[in-house]
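Letters A, B, C, D, E, F, G and H name the chains as they come in the text, with residue numbers starting at 1 for each one.
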Amino acid sequence: MYNSKSKPSVLPTGGGATLIDPSDALILLLDHQSGLFQTVKDISVSDLRRNVEVISKLATLLNIPVITTASEPAGTNGPLMPEIHELAPHAVYVPRKGEVNAWDNDGFVAKVRATGRNTLIMAGVWTSVCVMFPALDARAAGYDVYAVLDASGDPSEMASRISLARFVQGGVKPTSTNALLSELHRTWARPEAAELGKLYGLVAPNYAAVAESYARAQQAAREAI
Amino acid sequence: MYNSKSKPSVLPTGGGATLIDPSDALILLLDHQSGLFQTVKDISVSDLRRNVEVISKLATLLNIPVITTASEPAGTNGPLMPEIHELAPHAVYVPRKGEVNAWDNDGFVAKVRATGRNTLIMAGVWTSVCVMFPALDARAAGYDVYAVLDASGDPSEMASRISLARFVQGGVKPTSTNALLSELHRTWARPEAAELGKLYGLVAPNYAAVAESYARAQQAAREAI
Amino acid sequence: MYNSKSKPSVLPTGGGATLIDPSDALILLLDHQSGLFQTVKDISVSDLRRNVEVISKLATLLNIPVITTASEPAGTNGPLMPEIHELAPHAVYVPRKGEVNAWDNDGFVAKVRATGRNTLIMAGVWTSVCVMFPALDARAAGYDVYAVLDASGDPSEMASRISLARFVQGGVKPTSTNALLSELHRTWARPEAAELGKLYGLVAPNYAAVAESYARAQQAAREAI
Amino acid sequence: MYNSKSKPSVLPTGGGATLIDPSDALILLLDHQSGLFQTVKDISVSDLRRNVEVISKLATLLNIPVITTASEPAGTNGPLMPEIHELAPHAVYVPRKGEVNAWDNDGFVAKVRATGRNTLIMAGVWTSVCVMFPALDARAAGYDVYAVLDASGDPSEMASRISLARFVQGGVKPTSTNALLSELHRTWARPEAAELGKLYGLVAPNYAAVAESYARAQQAAREAI
Amino acid sequence: MYNSKSKPSVLPTGGGATLIDPSDALILLLDHQSGLFQTVKDISVSDLRRNVEVISKLATLLNIPVITTASEPAGTNGPLMPEIHELAPHAVYVPRKGEVNAWDNDGFVAKVRATGRNTLIMAGVWTSVCVMFPALDARAAGYDVYAVLDASGDPSEMASRISLARFVQGGVKPTSTNALLSELHRTWARPEAAELGKLYGLVAPNYAAVAESYARAQQAAREAI
Amino acid sequence: MYNSKSKPSVLPTGGGATLIDPSDALILLLDHQSGLFQTVKDISVSDLRRNVEVISKLATLLNIPVITTASEPAGTNGPLMPEIHELAPHAVYVPRKGEVNAWDNDGFVAKVRATGRNTLIMAGVWTSVCVMFPALDARAAGYDVYAVLDASGDPSEMASRISLARFVQGGVKPTSTNALLSELHRTWARPEAAELGKLYGLVAPNYAAVAESYARAQQAAREAI
Amino acid sequence: MYNSKSKPSVLPTGGGATLIDPSDALILLLDHQSGLFQTVKDISVSDLRRNVEVISKLATLLNIPVITTASEPAGTNGPLMPEIHELAPHAVYVPRKGEVNAWDNDGFVAKVRATGRNTLIMAGVWTSVCVMFPALDARAAGYDVYAVLDASGDPSEMASRISLARFVQGGVKPTSTNALLSELHRTWARPEAAELGKLYGLVAPNYAAVAESYARAQQAAREAI
Amino acid sequence: MYNSKSKPSVLPTGGGATLIDPSDALILLLDHQSGLFQTVKDISVSDLRRNVEVISKLATLLNIPVITTASEPAGTNGPLMPEIHELAPHAVYVPRKGEVNAWDNDGFVAKVRATGRNTLIMAGVWTSVCVMFPALDARAAGYDVYAVLDASGDPSEMASRISLARFVQGGVKPTSTNALLSELHRTWARPEAAELGKLYGLVAPNYAAVAESYARAQQAAREAI
């Protein structure tokens, strides 16, 4: 049976050869701040926050380390959304000294390196800046980098399309929250399956309604017997 | 001071002459069922459910009666979304006997009449059917009727635009959840203000981020002194 | 029990006071021709045809008379879509003599009058022409007229929005196929319920998937016992 | 047989009771100027110009009088689009003396009155101004007024939707170029049918392709024999 | 010659019979606050603010009184946008005591009545609340009311469409900033023409580029001689 | 003459050098389940199912092997859409043991390898998960992989755009159902041409209307002789 | 001075190093047929045809060879749009024998090779098929290939986005008609400048209005002197 | 402390390894002319101009050289937008002699080379022509090239998507104005921080409102003490 401690990545079938190895993964949540949220135009704030919440819960469920950072949370950009550290109590917050690019900050890069992990999963606001710059720099430094675009936000639809193209051009792998959830989840034959199942109802709210209908239909069938 | 028991509607200024009188209002939530949600195409399921939750909480806060109904909750249409009765425990559920139009059902109309209230606030899935039919019939019966279109749902954008036009043609007043909240709320100088304030962060998620920024900015100012 | 022969319209509750009385209804399908379909830009051809098919089946199920007409089916505009007469074998076809407005045609109006029915349900291509003109003229002649906009088509989104506004201005009631289905259907407690149920899976394809999931969930529950 | 000199409006069937009587119609084309075209955002300039061309040709084919006017054609707003007077040589141009609202101009209103016609068909740029103001004023003066929204243009989608609503509110009948064409055309059994047919290929470019396919299919069938 | 002191409304032609009389007009700017701006989803914040600036300048140019108000400018909703009082120094600010509906506030209604003007031009955030409620109440009190929808904002596209419909249903006249500018402007033969001209470049930024091209073309022609 | 048994791929002209060789192709249909369909937001369920039906029929017509799989068809995700196995009776179903990624499943990969085919054509729900993971893994294993994006579905437009980019980045060839049909079809000079022709009317419903018009035009020409 | 016979491509500045050399270019127009046009959903038929007309005129102006081809012009797909051969009388038509991929046809490839040109500029309907297949095959055969996407058409927006991605993946250079015009045009200092100028008013209809305004402004300036 | 004279690019952390080195950067603003602006359809003229203004101010603040050029500013294309040279007085204007591609012009390329800088940041109208051609040629000449797509403009959405793809294909790095601002800005710990801060309120107008709310909230907190 699959176990979240084990390294699932590459199976004898070759399955997982190209997928994230959770034991090598590190999640970086960059500048998810209330003031910056107001400038996001490629996703609604409610969808954006819900996706960040899913990633936070997922990190906790699967014991994946998380580093957060913010540019001036006491300043105009506003506080970090509190849900992250509530849902991922193991997350470590690194303050910055004015650097726009988190990869410019000594402490941040040191914390990343200290984890010994080489697969970096990044999300943040703005995608084109707070995710793009450290993503490209980390890629140059040899890391395998994923950018979760729908747990991030850009100030226009055009900026968002440009970000996607620039990630691909720079060797960063673009992904979405639902895909990240599945890529780390990998199999329903694991102890956390029920908890993981709930996250699907968050990344795809129609799925929650599917589950409600399913449960009620089964109950009706049992009552009818 | 304003008090939720008093009748706020028409003030000496003439304010409220055209607005809902909460003491005369009755909320009807029609067929908000998980199976029907899958067919809704003019609003996302997450926004739809959140708006229905806001109305449920609002009804509880302001002591406005609520009647719910569903067409065959043990059947294909699925169960009523559970949040309604959780958030509005005073809501009364009326089963139907196969009628598509709730106004065709004896029990439902009897319950409406028993409240003695003449301002009906309706929402449901589909807007063009489950809201439209009882709205038009209630209007013909002399009620003042409001349809909350974003706490309802239709199977296409075109159907949604048609519903809006047909409501206006039939003398039903169209509204949105945020407007309903404000129309019933009326003033911040009331005991429920803080609780009502939270509902604004639900109908407009950016508003929640505004409030977070505001609180943090004030804290920073105080700390800086 | 409800019976499709009986007049369901107005119940003791007042239910149906504002709704279509099926025994007074006549369906007019105007110029649904393959050549004209190519010019429709406010709905996809597949959705348009499927909605016309639903209306045809519905008319057959509920014994509602149907009149079809076409402008020059041997000419550029192309043949009438064959599904209508296949699914509604009782439909009567009236040829025209070049008139754009079906209400200009003696034979057509005579056929309408001969039915003795006063509630006209119209759909056609273009909405703004083939439906609009006879709808306004019939309204002037005292008929109660419904226009089914998503079983009709216009050559631009702007033309479509204009049509909706002009119908309302002219006292024609706008509706959608799903609403028409429900308005004629009225109750699940009738012999045709199972057949009518299938039509819901056509006007809302997600509903068909809901039904599939429901059946499978019940089967699974029964097998698990 | 129908003849363009005869008054087709109301037929013995009642057909045309609510439609434009071409012999009573006057077309007013207001401020279709190259500079103003740049500000139009609710329709492409190519579609807008093509629709105005169709109306100009239609007026010529059916002998309907046309009055044009422009605000300062030597100024920033630019020259009137030349196609109008080329395609409708009988159109009369009325200069204005700075008035935004053509109905404020003595000469313009005098020209309108001199025609003795009471059905005014208006189009212009901006819809919300150059069409709206004379439309509302003419309505107040007792005229029957049509606004052709897709031969007009507004500086935003929102302004365009507002214009449509305000026309309806003010008793002005909204229409589209394709509907106007059909409403004046009325029947294919008339001498101008072939010329009118070409205009359909302009208001609906797919229709031109339909006609090409039709002709080629017939040719192929004949050659195959 | 036209003079901004004179009453232009109804000319001998009948021009202006249905238009705003500037000497009877009063502009009400309601809750244009930085915090509320973040929740607006039917227009960009930059377009919204620019439109409000245009109205402020227009009021100053044409000596039209302006009343502003805000709900709790020291609170979460944020300060009133400063441009209004900068560009319309004659504007009068009325604080409220917690009322959502400005028409509920004694001071506000008293100020409106004191002007003796009966044509109220309203804009605000949210359209569906801060404009809708006083607009409907003022209408009930006998005022002629205009709502400027693109100098206002609603929290969703659906809410925005509903607002437009509800205004029309309630007898409030919907308009856009460009139309308001033209409706008050009325003629280029007036002393303020040059200043008014600049406002057109703000409501329609393409128009500013048209003017730049025009000036340069004329300069080139003169230099070529 | 072309024959579906022969290998058409590379012709003496060089034609087909870059195209799919049908004799080397294997179609993998992954998790097309009724519950998952409800979460798809980048294509309508009716278009999605119709495209999957086209692929199923195409596989049968051209004798291309098909493997289907589903994650828990008795569970929340719902049953596989029945049309696949009805239209492609030769398709082989492989159950999984909880793996999200089909390439993680021994039986599935074994079945793929057993066909000896190296060109894998994949479609499924979600694109970003059920197609992406096996597509990338198969690519890593040396297969030539095509992803049919409109016979697949993702839970948001953004996720869909990301999937397209990630496929390209990973060396997977993106395609659409209409292109796949043509790429396998290759020539009208083959015995299956008439049957293949019908599929074009499904991937492009306007094409069906084109064919109807064509047939009627030819009939009219013949009758006119 | 620049001369259309000379090879402009690479100038001493390095200008043109990456651009099309007109003397090496060959234009291939594939299956622009009236029946297929009806299926195009990523561009309007009027824009598509106008772009193909621009390319045809451009080819004539600059003496660039053109090859056209069609699949069964006497069949359902309809005739080639006649404007191509009217505007580019030097174009050569190559019939096919049922091949979907023009590169599969002996005669077509022979004609291409006979020109001795290595830069192929392709457009056609469908983009994903009629352009994609020969584009990829020609690329494999060593040609430099450009695909003009807005002189082509695909049956859905999704198919269109996929085509763009697949072209890039396959080394085909995507372009638009306006860019092709400029890339071949290269400089206004050439004899054909005036004729080329008119084509800009076709690819960008607003540009035609710019030119009209410019001419009128200059005339006004001259008259004012 | 960071200083704008110093070379910030690569920090000891590796930060900036992939980012623009401001001391090596040169900004090229190509054909931002009033006549061409009218043809832009992928961004509003107001957003486009504001983004170009931001780049101009940014160049001045950070001492980055700017070269502008225009094709025939006395001709139809209209004058260069004056804001560039007003906000970046150090910008150098290079006239062209009819070349569409600035890289074809001796003087332009000489000026570029004379700066000795190797990182070229380009924006212009049209993106697909005036930016694309010199971008590709400069890339071929060994420069590191960035294209700022939202300070540029294309005549259709499709052309815009094609441009983005072609830039990526050709090794040009796509970016947006907000990302460029941040990439050059790099850190808030620099003397120009306050001035740079204002530019964020221009690239993201919601951010200006965030700052207003922040300042007012702090003031309120201080006053409350």
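Rule of thumb we're sticking to: contacts are C-beta pairs under 8 Å (C-beta built on N, C-alpha and C of every residue); 3 or more make two chains touch, one makes a residue touch a chain.
Listed by chain with UniProt protein names: A, B, C, D, E, F, G, H = Isochorismatase family protein.
If you're wondering where the values come from, they're calculated on a predicted model, not measured in any experiment.
Trainee: Minimal path length between chain A and chain D through chains that touch?
Mentor: When the steps are counted carefully, the minimum from chain A to chain D is 2.
Trainee: Between chain D and chain E, two touching copies, which fits better, same or different residues at the interface, with half of the numbers shared as the threshold?
Mentor: different
Trainee: Which listed pair, D-G, A-B or D-E, shares over half of the residue-numbered contact pairs seen at B-C?
Mentor: D-E
Trainee: Rounded to a whole Å, what is the gap between the Cα centroids of chain C and chain H?
Mentor: 55
Trainee: What is the distance in Å between the mean C-alpha positions of chain G and chain H?
Mentor: Chain centres of chain G and chain H, defined by C-alpha means, are spaced 31 Å apart.
Trainee: Once you find the CA centre of chain D and the CA centre of chain H, what distance in Å lies between them?
Mentor: 44
Trainee: Nearest whole angstrom, what separates the Cα centre of chain E from the Cα centre of chain G?
Mentor: Going by mean C-alpha positions, chain E sits 48 Å from chain G.
Trainee: Hunt down the residues of chain G that sit against at least two other chains at once, touch-wise.
Mentor: 35, 38, 47, 75, 78, 161, 165, 168, 206, 209-210, 213-214, 217, 219-220, in rising order.
Trainee: Applying that definition of touch, give me each pair of chains that meets it.
Mentor: Those chain pairs satisfying the definition are A-B, A-C, A-F, A-H, B-C, B-E, B-H, C-D, C-F, D-E, D-F, D-G, E-G, E-H, F-G, G-H.
Trainee: In their shared complex, at which residues does chain D touch chain C?
Mentor: 2, 11-19, 42-43, 47, 149-150, 160-161, 164-165, 167-168, 173-176, 178-179, 182-183, 185-190, 193, 197, 203-204, 206-207, 209-211, 214
Trainee: In the complex of these two chains, what residues of chain G are touching chain D?
Mentor: 34-35, 37-38, 44-47, 49-50, 73-75, 78-79, 81-82, 205-206, 208-210, 212-213, 216-217, 219-220, 223
Trainee: Using the touch definition from the top, list the residues of chain C that touch chain A in their complex.
Mentor: The contact residues of chain C facing chain A are 210, 213-214, 217-222, 225.
Trainee: Which positions of chain F touch chain A when the two form their complex?
Mentor: Going by the criterion above, the answer is residues 35, 38-39, 71-72, 75-78, 97-101, 103-106, 108-109, 126, 128-129, 132-134, 136-137, 139-141, 154-156, 158-159, 161-163, 165-166, 168-170.
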